[in-house]
Structure formats: C-alpha cells, structure tokens
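So, here come the structures, one by one.
There are two complexes below, and they share subunit A, which is joined by subunit B in the first and by subunit C in the second.
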Partner chain A sequence: MGRYILKRLLQLIPVLIGVMLLAFLLNEIAPGDPATLLAGGESATPEKIAQIRAELKLDDPFILRFGDYVKKLVTEGNIGISYKTKQPVAAEVAHRFPQTFKMAAISAVLASIIGIALGIISAIKQYSFLDNIIAMFSLLGVSMPVFWSSLLLILFFSINLKWLPSSGFSTWKHWILPCVVIGTSMAASIVRMTRSSMLEVIRQDYIRTARAKGQVERVVISKHALKNALIPVVTNIGMHFGVLLGGAVIIETIFVIPGIGKYITDAIRNRDYPVVQGSVLVLALANSFVNLGVDLLYAAIDPRIRTQYRNMGKAKKKKTALPLGGKAA
Partner chain B sequence: MKKQVIKALSLLVVVMFIVAGCGGQPAGSGGSAATTPAGGTAPSGAAPAKVTVEDDTLIVAVDAEGVTFDPFGFADLDSGFLVRQTHEPLAYLDGTNPEGNTPVLAESWEYPDNQTIRLNLRKGVKFQNGEEMKASDVVFSIKMSKTKGLVSPVNWQNLDVENAKIIDDYTLELKTYEPSSFTFAWLLSEMVSIVSEKAYTEQGEKYGRNPNGGTGPYILTDWVAGDRVTFTRNEDYWGEKPQYKTMVLRFIVEGTARTFAVESGDVDVAYSCPTADLNTLSNLEDYQVIRQKTSGVNYLFINTQDQYLKDLRVRKALSYALDLETMIPIAYNNMGTVAFSVFGPSAPQQIRPDIVYTKDIEKAKALMKEAGYENGFNLKIIITDRASRKTLCEMMKNAWAELNINLDIEVLELSTILDLTMKGDYQLTIMAEGGFHGEAWRAFLHSDGVNNYSQYRNARVDELFDLAVKTADIHEGAKYYNELQNICAEELPMLPMQYDEILNVARKDLFYSVDPTYNFMAARFYYIRHN
Partner chain C sequence: MKTKDTTVFLEVKNLVIHYETDNGVVEAVNNISFKMNRGETLSLVGETGAGKTTTALGLLNLVPNPPGRIIAGEILLNGENLLKMSPHQMQKIRGSKITMIFQDPMTSLNPIETVGDQISEVIKLHNKVSRAEAAQMACDMLEKVGIPAERYGDYPHQFSGGMKQRVVIAIALACDPELLISDEPTSALDVTIQAQVLDTMRHLKQELKTSMLMITHDLGVVAETSDNVAVMYAGEIVEYGALRQVFKDTRHPYTQALFDSLPDINKNVERLIPIKGLTPDPSSLPNYCSFYDRCTKRMEECRKTDPAVLDVGDGHLVKCLLFASERSSHE
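What follows is the complex of A and B.
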C-alpha cells in the first residue's frame, strides 16, 4: 500500500511540470499587458510601462522566465511574487485556500449526508411517492444555477428574515448560506448517482442470497448493498470536491469570501501572471491529493481493491525476482 | 393524502419564492421586513427598528480592494481610496473654483513670482510614528512623488524640487523650471501625499502594508486580503478627530452583493452601488441615497486614422445620428448628465463649446452622402463588460442603422482593450477619463499624448496645450483652453457622452458629506458623522 502511495506521489512530478508549463504558455498567448495595467491602465505612460516591464523582466524570452520560475520553485520553494500586490503568492494562497477548502469540505460533507441518505431511500422505495419527491428535489438542485439559488436564499434569509448575514466569512453564521447552496446542488447529483448505483447492486445475486438467508433488511442495505454501491458515489463526491477547490468563484463572489477561485479569476483579469501560475500549481497539487484520497477511500470501502493495491507491489517484486531466480536455479 | 402533501410542498416553494421576491419592494409597501443593526436579528413582520451605528464602529462597503498604502506606489484608484484614509496632502484642490484650495498640511501659501511658491506649513502636526512634520519631510515627499509616483503627469517634472529652499522647519520655497498654471495646482492637490521621511525610509518596500508615516485621522490596524481593512482613530490627529473609533472598509466587489449588504443591514455605508438598484435603495426606510458627482467622463473614442473614421464628415454624421439626451438617462439609469465638452466638470477651464451635437438625422445622412458613404459600412466598437456601455452601444447600433452603418459590438477585458487602443488597432471604444485641470487632457489630445487613443494630430491643439500650461495666470490660460475645446468639438477625436455620477448609500442617522471637488480619488470616509 505504501509503495502504491509513493508511486502516486512520484507521478505528481511530471503532472506538476506539465501544469506549470501550460499555465506559463496560456499566460504568454493571452492578449493584454500586465505592465500597462500596473502603470495605471488608461492613464499609463509608455515610460512607466517600459520601466515596469524591465522591473518584472517581461521582456526576457519565455524559456528564460520559465527556467527562472522553476529554479526559484525548486531551490527556494518560491511560487512567485504578485505583480499587483508585491506580496508572495504562497502567503496569499495560504490565506485564501483554507477559506475555499473549508467551504468545499463543509459542503461536501453536507451533500454526502443528504445525498447518500436520500439516494438510498429513493432506491429502496423505487417508483414510490417518496422516490418522486426526491427525484423532484434532485432535478431542482441539478438544474437551478447556483447564482440564482444564492440570490434567492440571501433575499429570503438575510434580507427578509434577517436571520443570516448576506456576505462575509468571519462567523459560523456566514458559512451557512454558501455551504447550503453548494451542498444542495452537489447533493442533488449524489442522490441520482447513489440511487442508480444502489438499484444496480440490490438486484445482484448476493443481495438476494442475504435476504434468503433471513438477514435483516437494514443490514442487507447498509452492509451488503451500500458498501458495494459506494464506489461510483465516492468518485462523484471526489470530482465535485476537486472542482469546488478552484471553481467556486461564483459563490465566493456573491458571498464575498476571499477564496482561491476568486483570487485566480481576479489575477487573470489583472494579468497577474505569478498569481495565476502559483495558484494553478497549488490547485493541481490539491486536486492530485484529492484523487489520491479518493483512491485510498476505494481501498477502505472495498477489500478487493485493497488487495489489488497490496498485490501491485508484490507483483512487481515477483516480476523482477523471477529472472534472477531462474538464473540461480 | 399524497396529493395533499404535494400541494403543501408546492405551496411552500411558491411562498418562499414570493417572500424572497418581496425583497426588492419598497419598505413602506409592507413587502420588506424590518432593518436591524449590523448582525442583529429580527423576526419577519416585527416592527421596524431604528437603525444606529453600533459599537463606535463604522462599516463601509467599497467596490474594490486597493493593493497598497504607499502614496507613491499606486496607479489604481482603489489604492488611492486606502491612502486617503491614512495620509494627507498639503491642500485639497476644489476643482469647481480655480483659487479654491482648501488648506490641509500647508496652512497658507503665497507666490513671490510666477515661478515660485512659498509654503507655510501647519505647526504641531504629528505623523503616525510620533515624529513631527517638518519642511524636510515635505521636500522628501515631493521628491518621491516626482521620481516614484506612478500617477504623476508629465508637467509635474517642471517642479525644481532638487533646489527646494527650506527657510525654517515650517516654511519652504519651491520653484518651477518654467512658468506653469499646472505645476502648483498639482502640488496643492491631494495627488501629493506627505509622508514622514524617517518612517518611509525605514519601512522601505514594506511601507505599503505598514503605513506609519502619514498624518491622517485613521491608523491602519488590520488588513485581511480580499475581505477588509480595519482602521482605528488617530488620537494624536491635529484636526477634528473622527467620530468613530473604528472604521472598517469591506471589499464587496460585486455590485449586487453590495446592495444586499445594505438591504440586510450588514453595512452602514455602501460606496458606488449599481445604478440599476437606485429604486430599491431609494425605498429603504433606514438608508439615504447620495448621488456623488465624479470627475469621470465617458467618451466615445474615435480612431481618426481609420479608413472610414478619418473623414471628419463621417465622425460628424455619427455624432448627429445620436440622441444623447434620450440615450444617456436610459443607459446610466438617470445617473450623471449628458456631456458637452471634452473637459470634465472638475476642470475649472471647462466651457460649453460653440458646437454641441444634438440629433439631426437628415444632417447626418447628408454628411454621409457627401462623404460617399450613402450605402454605409461596417464598424466595430470594443467595450468592457459594463451594463451601461452595452446598453449605450445597442442604442448606438440602432441609431447608426439609419445611416446604413452596421455596428458590431465586442466585449473585451480592459487589458485587451488597452492593448488594442494603444496600438491604434481599433475603430471605436468607450472609456472613462477625467482630470481637474485642462492639462490632464494633454494625454488624450496632444499629438505626443501618452494616451492618444484617437491617434489625433492637430498642430494648433498641440500649440494650445503648450501655451496654456506655460501661462502662470490661470485666467489668461483659459482662453487657450477655450479654443482647444472648440477645436475638439469641431474635429471630434473623442465624443464626450456622459459626466459620471456614482450612487452611495448611508444610514439615515449619518451625515455623509459629498466631496465638492468632484475628485473621485477623494473618498475620505472619516468625514462621516452622526446627524
């Protein structure tokens, strides 16, 4: 298992180099000049623009700048200094990433609890009234854009009822609305996934066997069916979680949460290349870890996958041992 | 039973939509619930509570986050906002009156000759690091503004600060290399903040985040990036101290979110709210709406080197085809006024030119015919993603269709637009500019202007700019600026469309003084008082 994790971690290196190169290239071909914006935009003078370009080494060839960036990253752990704020990108990301992570994590937990529970009910009560109501809920959740549901909830809970603040992130009350918005939208998708996966599993022979043996229905569902149905659901949650880490920009903008998504979009607008490159790198890393976490969860849920991971290392050992053994024999 | 449950659920959803939708209703109509103090709660339907600012803290929502408190290290208006709270200039320039400077750190000033200014500084003023302000700090600040300041204009270099004469700790004399009506005006404006030489030098690059060298009434205590800055009152402030011990500027970039923050009572003041929300905000029981004029002017920049637009008859035809008196109130939700001169309202030299374009479609058609474009052509306008500009462009498209001109509207990011306009690789664009002196428009209209987006070349205009700026007497200089404005009205390198106005909202128990200078960098929120 440890060998599997190590292998996955090593695979990160080429992925991160590729991401860095891609982020650099995209910045390079994007129209617009960061120096012009920094020099005052519409009132920028050519002298100031030239001065800023020289200070930021924007006139250096692409390869030189990329090499310099990689060198600083490897030797100093420096992922860049923001053109706009002159602050280290790492520090800014360290301030913003926890807000996004917190929002994504709370939303994912909320969505998983609601989504899996409703998905199970929906599957075991297939075509019932309850199933239809849950289907309606999940359809609503999937089709309603998050900006719309956000505005609706703010109008209802912040402006009319005055129960919750409309924006900010300093108290637990501030997190309720954004997490509910994301959570319900995500839950809707989990419900559908859990339902279809459960329906597939509960038609399997081993479920019928468990029932025939007189097992209690609750145990059949929770122990035999759910565990086997969870793999696609976990994948779905992991994918959503990964997307949320970098893509919750609408929610962050509406609820005024200084998260990483909004940080990147602002940086793109301002042509703040180091911020874009640094943040994309961090997000790529975070997503890779989320994927690894999901893979490890598979192993925790399904003993067959656990065995498969264990055997991967052994198989390699055997492969390398065999020829030597042959020679010895 | 099932049907009953479905009905009940459907009713619940409908009720939620209706109640939520009532948020935009006038407070008096019964649709809106009570407004409560920040963070407070009140059940729906409770009697409206009188709103007061709590805990000696003023919370202001602003529309953008600045990047630095360094008065010489910013080029963006948003940082200017921040700097205004902690730093002060020698004087504020009242753009509505050529001689109407308001003394701040300079108590008075005199002009021994037309190239010299003698400044008498206020005594006993302390910087936030505890040092007393001396003439040497003022000289240092002016030097920094000249050498480092990103917002400094070309003619600011006319000030000979290297040979500044410090008469005593509170008196100094400065000279210009050449007579100028502009250089001293800039010196006595809030564009030149005064800092403590010691604090600024000690902090170096860190000054932007630890600004302890200003004399302003508020001291920066906390900065949460992307969220807020917090200030506390400067107890050693030389003037009247702010009424509120703490002031928080919250960065709520999205316009609707700012409106929501007001409606939910989360903020005491909101700066620059969306004009589309004017009616909603006007109807709030506990808030007042304040219209603030700014120095901004929205222009239609016309590339005078374009194959079609280089023909003056075409430029005039385009202008005569527009009914700005009708279009501007619609596009800007009745905010601001229709522009008539290239100079903004904040420039004391502004006049109403002899030619002002009002809709005359027959004249426009005749001009097009005369230019040989009776059958029209295709034009493209590039704009940023602002609702007002998009609406304006749609109306322009309709108006110009009568001239058989097909207008293609392309929405781009500001950086891309700047890239294209700097290169002259465009036909039309709308941008907002401004200034508090005629010289500010040199950048856009002089042949060598750094922002001559229109690619405009007129030797007489160039000459007039030089003559005006070299005339120390502002009244004498006015005649050159008058001619200049008339030439621009005739030749149309840029069509002034709207004099801008922003929409601010404050609780009714607050007195929010509107800045009379029109200067949009002048947001000094510590002026806000209880009524």
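What follows is the complex of A and C.
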C-alpha cells in the first residue's frame, strides 16, 4: 500500500507541470492586457504601458517566462508575485485557503451525515410517504440556486429573527448559514446517490444470504448493505469536496468570506496572471490530494480494490522479471 | 445408523405464494403440500419458473416483499407454524434450524467481508460464544468443507466458484440445522466441481444427520441424493413419492416427459425428445389442468376440471385425471 501511495505522489509531478502549462497558456490567449489595466486603463500613455510591460517582463517570449516561473517555483518555492499588490501569492493563498477549506470541510461533513442517513431511510422505505418527502426535498435542494436559498436564509435568520450574522467569518455563528446552504445542496445529491446505490445492493444475493443467516435487519442494512453501497457515494462526496475547495464564489461573495474563489475571480478580472497561476497550482495540488484520499478510502472499504492496488505495485516487477526468470518458474 | 427416525418434523400445508406486480398477479406457488421426515432428503424437481425457489424462500419467510406475498397456508416446523411467528422468532429459526445454500456462489457471499467472518457471523448469532470461540468454530467448519483454516482471513474474490460454494455450505451447516435447503447448489459450477461439492454435501449431511430439501432440475442429482421426490409444474406438485416410485413407476405425463427428454447412453438417437410448448404464463394460469396444453395423453375431461391429487398406492401422489379410475379400483 505504501508503494501505491508513493507511486501516486510521484504521479503528481507531471500532473502539476501540466496544470501550470495549461494555466499559463490560458492566461496567454485570454484577451486583455494586464499592463494597460495597471497603467490606469485605455487612457494611459503608451510610454507608461511599455514601462510596465518591461517591468513585468511581459515582452519576453512565452517559453522564457514559463521557464522562469518554474525555476522560481522550484528554487525559491515562489508561486508568484501579484502584479497588482506586489505581494507574494503564497502569503495571500495561505491566508485565504484555510477559510475555504474550513467551509468546504464543514459543509461536506454536514452533507455526508444528512445525505447518507436520509438516503438509507429512503432506500429501505422505498415508495413510502417518507421516501417521497425525502425525494421532494432532495429535488428542491438540487434545483434551488444557492444564491437564492442564501438570501432567503439571511432574510429569515439574520434579519427577521436576528439569530445569526449575515456576513463575515470571525465566529462559529458566521459559518452556520454558508455551510448550511452549501451542505444542503450537496446533501441533496448525496441522498439520491445513496438511495440508488443502496437499492441496488439490497437486491444482491449476499443480502439475502445475510438474512438467511438470521441476522437482524438493522445489521443487514448497516453492516452488509451500507458498506457495499458506499463506494459511489464516496466518489460523489470527494468530487463535491474538490469543487468546493476551488471556492464557492457566490457563497463567498454573499457572505463576505475572504475565500480562494473570490480571490481567483478577482484576479482573473484584473488580469493578475501570477495570482491566477499560483492559486490554480495550489488548487490542483489540493484536488489531487482529495482524489488520493478518495482512492485510499475505496481501498479501506473494498478488499478487491486493495488487491488491485497491491498488484499495481507488483505488475512492474513481474514485467521485468519475466524475460529472465519466466521459464524457470 | 440405518434405523430411520421417521417422525414428521416439517409439514407444508396448502402453501400459496403470489407475486403482486403492476402487470398482474403472478401465481408462483399454488396450494402445495408436503411432509418431510427427519433425516430424509426430498427433491423438488421442475423446469425454471415452476416455483421451486419461491417455495424454498417461503420456508424461510424470505420471499422478497414487495412484490412477493405468502397468501395462505401453513408451514409447521416441529408443530409450530412459521408463518405465524414474529420477525424476531423467525430470525432465530433462520440460520440455525432452517438454512439455505443458494444457487449462485459467485454472488451469495458479501464481497467485502472475509469468508471467516461470514461463517462466524452466523455462529455468533445463534450460539452463546465469544468472538474467539466463534472464530475457532468457523475454522473447524472451513476444514470440514475442505478449505484450509488458514484461509479464514481471505476474501471471496480470492476463491474459485467451487470454493465459494463450499464456504456457503459451511455457513449453512455451521449451526447444525434441522433442515438444509439447497437451491440448485451445483448448477453454477462446472461438472467436475459439481461432483466434489455434492460429495461434500452428502458427507456432511450424513455426519450431521440433517434433513435436506434439494431443489434441482438435474434428475441425475435427484437419483443420487434423494429419498423422496416432488415434481413441480406451474407452482403445483404434480407427482410426489419415494425415489423408486417416481423413477420406476412414473405416473404423471409431465414426469414421464421429463424422463423422455433425457439423453440415454444405451440408445442411439439423433435427437432428444423435448416437451412441446412452454410452461403456462403464471400470471394467467388456466382453471383446468395446467399441463393440458403440452400433455400427450390429454382427454376431453382434462379441460373441464382441475384434477385432484390422488394416491395411486403407498403414498405415491399424482395430480392427474388419468388415474381417477385407478384410484376408485384401489378403494
């Protein structure tokens, strides 16, 4: 297993290089010029613009700039300096990413607990009144735009009841509304995934075997069915979590939370290329770790996947060993 | 050893099981009755869709519901009606008094639990033993079915089909059941493994003195394993009797047709004799003899009534009008 993890970590290197190249290229072909914006817009003098272009080395060829960026990254661990604020991107990301991570993590945990629980109930009480109610709420959760539900919740809990603050991020109370909004919309999709996955597993022969052993229904569901049904659900949660790490721009904007989503969108608008570049790199890294976590979780749940991972490590050895020792074996 | 305990311990009376679907009611099991003596093996024979598996699941009260429902009847185990029991009482019966070996070993085991845990689970459920004792008993069971105990911690995907079926057998026999139901235990296995698995089952059945309800469509397996045979057609038992009675003194045209459709190595025939036609649609069974459409000995009267079950001698039961006159001569 350690071998597998090492292999996955090594795979990160080409992935990150690819991500950097893509982000660089996108900035390159995107319309607009950061120098013009920094110089004060269309009214700026050509001399001023040229001076800024030279300062930012924007006139250098693409390959040179990319090489320079990678060199700085590797030697200094510098992921870029903002054109606009002249501050290192790393510092700003280090300040903002924890907020986004906190929001994503709380929402994901909340959504998983609610989503899986309701999904199980829905599945074991298929077509019942309860199932219909849950289906209705999950449909509502999936289809309701988050900005709208956020505004409704603010209106109700912050303005009418005055229970919770409407914006900011300093106390735990501030986190309730944004996390509930994200959590419920995520829970809605987890409910549906859990329900369909459970329904499929419950019909399997081994569930009948468990019942034929005289096992009580509660254990049949929790031990035999749920664990088997969890794999697609874990994928779903991991995917959502990855997206959330990219920042929930709308939520961050509504609740005035300095997260990474808002940082990136502002940077794109300002043509602040190093910021986009650096943040995307950090996000790619974070997403890769989430994916690795999900894959390891699969292995923890399913022994068949464990065997597969173990064989992946061995496969290479066998290939090299065959020409020499193939016949002897 | 040979002295047979001939007390009846299982009695099924007028069991009716339906599947209620949106497209109508499927009459899977229609009014079947049979008795089993302690230690005996009864085979339920019939084509696919004859209601054999539904009958077996009915005995465990495990007919998938919805859509399945036990409409009427009694299942008496040692005089107690299983269908009147609470879910909790029934859970105590399942896995300890009545157990089942399922058709497809590939899908009958939980893929993410070790085989050892799956065996010790049933032991822990029905015996007051510690975890370690249960594990030890599970190891013994593995050895009994011919799997080394070291493989306790292995997962089903590390076993072959025949080995998996042995694990399923170990689960079924772990709590020393009174009745073992085996639902086509070998039809998913290849022929060489079939013989081995049947051998293991026969051996353990004798050792544990378990009674067995064998569901199969393989008449060869029936001949090798059974004391009594019940032939099912369209949810009914059309012929019932001791192995000898049914095999040597075949009465019902359907049973006869089943035997005729078997290849005979002593005869040189180009083609086998199939039973013409298909089993009737179980959602619209006729109110006369359900075999009428395919019967080679049908008479005008067969279309008029549903034949009654007749004793043609010494407990040999046949549900066919052909023998109505014969019975009157018996009396």
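Quick note on the criterion: the second predicted complex is superposed on the first by the 317 of 329 C-alpha atoms of A that agree within 3 Å, B and C clash if a C-alpha of one lies under 4 Å from a C-alpha of the other, contacts with A are read in each partner's own complex, and residues count from 1 in each chain.
Note that in this section a contact is a pair of C-beta atoms (placed from the backbone, for glycine too) under 8 Å apart; a residue touches a chain by one contact, two chains touch by 3 or more.
Predicted, not measured: the structure shown is a model, and the values here were computed from it.
**Q** Just checking: does A:Ile154 make contact with subunit B only, subunit C only, both, or neither of them? Give me first, second, both or neither.
**A** Only subunit B; A:Ile154 stays clear of subunit C.
**Q** When the two structures are overlaid on chain A, which partner does A:Thr235 contact: first (subunit B), second (subunit C), both, or neither?
**A** Neither partner.
**Q** Please work out whether A:Pro31 is in contact with subunit B alone, subunit C alone, both, or neither, and reply first, second, both or neither.
**A** In the superposed model, A:Pro31 contacts subunit B only, not subunit C.
**Q** Quick check on the superposed pair: does A:Gly214 touch subunit B, subunit C, both, or neither? Answer first, second, both or neither.
**A** Touch partner of A:Gly214: subunit C, not subunit B.
**Q** Quick one: is A:Thr265 in contact with subunit B, with subunit C, with both, or with neither? Answer first, second, both or neither.
**A** Neither partner.
**Q** Scan A:Asn291 for contacts with subunit B and subunit C and give back first, second, both or neither.
**A** neither
**Q** Hey, is it subunit B or subunit C that touches more of subunit A?
**A** More residues of subunit A are touched by B.
**Q** Let me check the overlay on chain A: which residues of subunit A are in contact with subunit B and also with subunit C?
**A** Common to the two interfaces on subunit A: nothing.
**Q** Under the touch definition given earlier, write down the residues of subunit A that touch subunit B in their complex.
**A** Subunit A residues touching subunit B: 31-34, 36-46, 48, 84-87, 92, 95-96, 129, 133, 151-156, 158-163, 165-169, 253-256, 258-259, 262-263, 269-271.
**Q** With touch defined as at the start, can you tell me which subunit A residues reach subunit C in the complex?
**A** 204-206, 208-217, 224, 227-228, 301-304, 307
**Q** Okay, in this complex, where on subunit C does subunit A touch?
**A** Per the touch definition, subunit C meets subunit A at residues 60, 62, 87, 91-96, 99-100, 102, 104, 107-114, 121-122, 125-126, 155, 157-158, 168, 171.
**Q** In their shared complex, at which residues does subunit B touch subunit A?
**A** Answer in residue numbers: 2, 5-6, 9, 16-17, 19-23, 32-36, 39-44, 67-68, 75-76, 150-151, 154, 205, 208-209, 224-227, 250-254, 256-257, 260-261, 263-266, 413-416, 418-419, 422, 431-433, 443, 450-451.
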